[in-house]
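Both of the next two complexes hold subunit A, though its partner changes from subunit B to subunit C.
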Partner chain A sequence: MEFETTKQENAIVIKVTGRMDAVTAPEFENACSPHVEAREKLLVADLSNLEYISSAGLRSILSTAKKMKANSGEIRFCNLNGMVQEVFSISGFSSMFTICETLEEALK
Partner chain B sequence: MGALRLPATLDSLTGFCEYARRQVADQNLDESIAARLELVLEELLTNVMKYAYIDNAGEIELSFSFETQSITMIITDWGEPFNPLQKGEPDLSDNIHERQVGGLGIHLVRNMVDQLDYARCDDSNILTVTMKHQHAT
Partner chain C sequence: MIKNTGLAAKLIILILTSTTVIFIATFSYNYLSYRNIILKELEDTIANLALATVFKIETVLRAAEKVPLTMRTCMQNHPHSAEDINRLLKSTIQDNPDIFGSAIAFAPYAFDPQKRYYAPYCYRRTGAPTVTMLGSESYHYFDLDWYQIPRELDRPIWTEPYFDEGGGNIIMSTFSVPFYRGHQNEDIIEGIITADISLLWLQEIVSSVKIYSRGYAFLISRNGKVVTHPKKQLIMQESIFSIAEDRSDESLRTLGRKMIHGESGFTTMTDFFTDTKSWLYYAPVSSTGWSLAVIVPEDDLLHGLRKLTNKVFIIGMLGFILLVLLITFISDTITKPLGTLADKTVEIARGNLDVTLPTPKHNDEIGHLTNSFAEMRSALKEYIADLAETTAAKERIESELKIAHTIQMSFLPKRFPPFPEKDEFDIFATLQPAKEVGGDLYDFFLLDDHHLFFCVGDVSDKGVPAALFMAVTKTLLKGLADVAMQPSEILEKVNAELSIDNDSMMFVTLFCGILNIKTGELTYSNAGHNPPVVIRRGSSPDWLSLPRGLVLGAMEDSAYSTNKIVLAENDMLLVYTDGVTEAMNGEKKLYSSERLLKTVEKQPFKTTEELVHMVMHSVNSFSGEEPQTDDITILAIQRKS
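Let's look at the complex of A and B:
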């Protein structure tokens, strides 16, 4: 998995490329961890280039979300495709998190 | 149909997934079924890897069979009796604080397959998964 991180005015945007499976999922939590520790208030994960996610990926996301929330922060998601959208929906993540169609919307 | 047998450790996951992709590629199936099949495979395999062998010293065998409108995937191990279908439903509440981290794998599998059966035969656990599909046009 690859991560491209950019600092916006009110948020950190992490663009995720690749596959979030049982082998690679911890990489997402590690990539978010410096921003959690810096007590950032808004993290936006741009998933436009995420091809695949399994329950291991969901665990990594939920674990990060819990830490953000503990700091009164939030993680949002945008640009979900195909099976990633389906997995978010079946697991209830679509109703638990703020999911946006575009990055611009997620930054509002 | 052949089969692939590898050690029941996480290192084998990539090998199993590549084998599955090759099997599916030969069938000219729709892209969406390929991704779902891979997800189902990963969830079931990682379950076996976690629970089947106490000392991790065992193997898993994967095989496929294809019918006109369905795929059947068979996952066999020779570890402790373990039926993943007996797992309860996960916590699907939308409260981030309270939501439990585990148990989503089998929930995803249940929602993506048409049939899922477990059998204990002699000293083996056999999971048989059937997914219906349409050929790509």
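Let's look at the complex of A and C:
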């Protein structure tokens, strides 16, 4: 899995490319943790290039989200493609997190 | 030694080769330098010797010349009669033992206009001097060398030496002096005065020349004739040119030419007498035109140097042998511990880590190596011990995992049919774990006579933590499920319990339902789980419409809702985990929910068991050789009459 992190005006944007399964899920957590520790208020995960997400991937998202929340921060997701959209929807993550169509929307 | 050949031989070859080169270079330089010094000294020595000898010869010759010269004075200053001349001759012979004979040979008609020949000759015959007259029609002395040459040259000359056979076989030479009679300041040669002089003394002088052990001298005449030589046969018999001719020795001929031309010089040649390479100095005897050569064989000359050279060579060889022994010893002390170490390495490589290493004697490189080696061995030992421990631990964990798997699988109801007395429904389920211990679960039990609770869940992980989480979930479900509760309420309670202190952020997706087996009414709720498939008679299989609901354990206060449908007789419900839809094949393609729906629609099945096996078979054949990454759980339920 590859991560491309950019610092925006009010948020950190992490663009995720690849597959987030049991093997690679910890990489996402590791990629996010510096920003969590830096007490960033808004983390936006751009999932446009995320091909697949397993329950382990959901777990690392959940873990990161909880840590953000503990620092009164927030994690948002944007550009979810078909499969990922479906998993988010089935798992109820769609109702739990802020899911946006576009990056611009997520940064508002 | 044999095992050390490599290093030791290399050292020996390298050092000895360079030593040999240095030795030979020094040796050669030394030899050549000394040789040059010796030759230079020789040149000086034999030049001095030759010149001294020549001087001696010249001195004697000058003395011998005085007698005829005195006779000439006598002849030129006083008028003389035949008797006067005879008296002069006789007295001269008597007074000078070195003079063998003397003649006063007049030019034709010079003594007596009547006489063409007039040449009284006085010589020793058995002691008393006797006078005889030379010259006759058969003896034209005017044509002979001793007469003609001094007359032509108008000066005294020494004739070529010759053997006087009549006078006792001795070498003689004749000194001829022209004498004159004045005519108004014009000198006319009146005749020639001769003195035959023995050259015995000459041989003595020349043969007394000794230099080194075999050095000698010889004398040649103006024509190259050998006058004195240690080899007596050559004297007066051979000339330097005839010898050169016999031996076809061009250099000797050249030397002879230089000698008779009155040159002097230092040269090397193969001596015709000793037949060895020799050094030679030649110098002229200027009064007679003779030439003296002093010869030294090179062997004599360099004898000392050669002896010294041999000694140096022997010393060098001894040093060489000593060096070989020394290097062998040194390389042995270096390579022996290395060899021992190498042997020990082989043993260690074979796995014998307890082999005793040699104790280093010195704190040198070998010592360091041995110490490092010992450290390496202990590190290796430690590592192997660690590895053995880890392996043991791993084996223990694996066996524990196996036990955990057995325990986990024992949680799941596996006896089918589970309720043989109930013919209102049919249920079948299976779980195919990805690892030894999986995170999927399914369960079903009767809440009362008419209500069947069933659920399928998937913990967001695998292995022991997932299994534990699954066990907790299953226990909670079993404990909390009640006929009086809606499925959503059950989920809310379970979620609340799971969410408390869920630091590991593990969660579980779960579908649960309560089937009224009498009426076919099915109430169900969902916590982030995949939608089940409803299979009704007379219509295509379809997804069960699910209420929204977050996974269990994610958020403490999640709310869930309950949906309701009625299952007609023989209607079926297929519940599964994402291990089915997300099963992957070699091309990294997912099995997908579409394929699941199509499979259920197309493939034949009659019972729940057949349906479950059919789907499992479909998934497994889709994945092929690709390893299973997630647990696969399939549960099917059918309402019967």
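Before moving on, here are some points about what is shown:
As a convention for this text, the second predicted complex is superposed on the first by the 108 of 108 C-alpha atoms of A that agree within 3 Å, B and C clash if a C-alpha of one lies under 4 Å from a C-alpha of the other, contacts with A are read in each partner's own complex, and residues count from 1 in each chain.
In this text, a contact is a pair of C-beta atoms (placed from the backbone, for glycine too) under 8 Å apart; a residue touches a chain by one contact, two chains touch by 3 or more.
Computed from a prediction, not measured in an experiment: that's the story for all the values here.
With subunit A as the common reference, subunit B cannot sit beside subunit C without a clash. Touched residues of subunit A were counted for both subunit B and subunit C, and B has more of them. Of the two partner chains placed by the overlay, subunit B and subunit C both lie in contact with A:R59. Shared-chain residue A:G82: touches subunit B; no touch with subunit C. Looking at the shared chain after the overlay, A:I90 reaches both subunit B and subunit C.
Contacts of A:D21 after superposition: both subunit B and subunit C are touched.
Superposing the two complexes on chain A places one region of subunit C into the space of subunit B, and among 201-209, 399-407 or 417-425 that region is 399-407. Comparing which residues of subunit A touch subunit B with which touch subunit C, the overlap comprises 21-22, 52, 54-56, 58-59, 62-63, 66, 83, 90-92, 95-96. Residue ranges of subunit A in contact with subunit C, taken from their complex: 21-22, 52, 54-56, 58-60, 62-63, 66, 83, 90-96. The residues of subunit B lying in touch with subunit A in their complex are 10, 13-14, 17, 31-32, 35-36, 38-39, 42-43, 46, 92-97, 99, 101-102, 104-105, 107-108, 111-112. Interface of subunit C with subunit A (complex): residues 439, 458-462, 505-507, 509, 527-531, 546, 548-551, 554-555, 558, 578, 582, 590, 629-630. Those residues of subunit A whose C-beta lies close enough to touch subunit B in the complex are 21-23, 51-52, 54-56, 58-59, 62-63, 65-66, 69, 82-83, 86-87, 90-92, 95-97.
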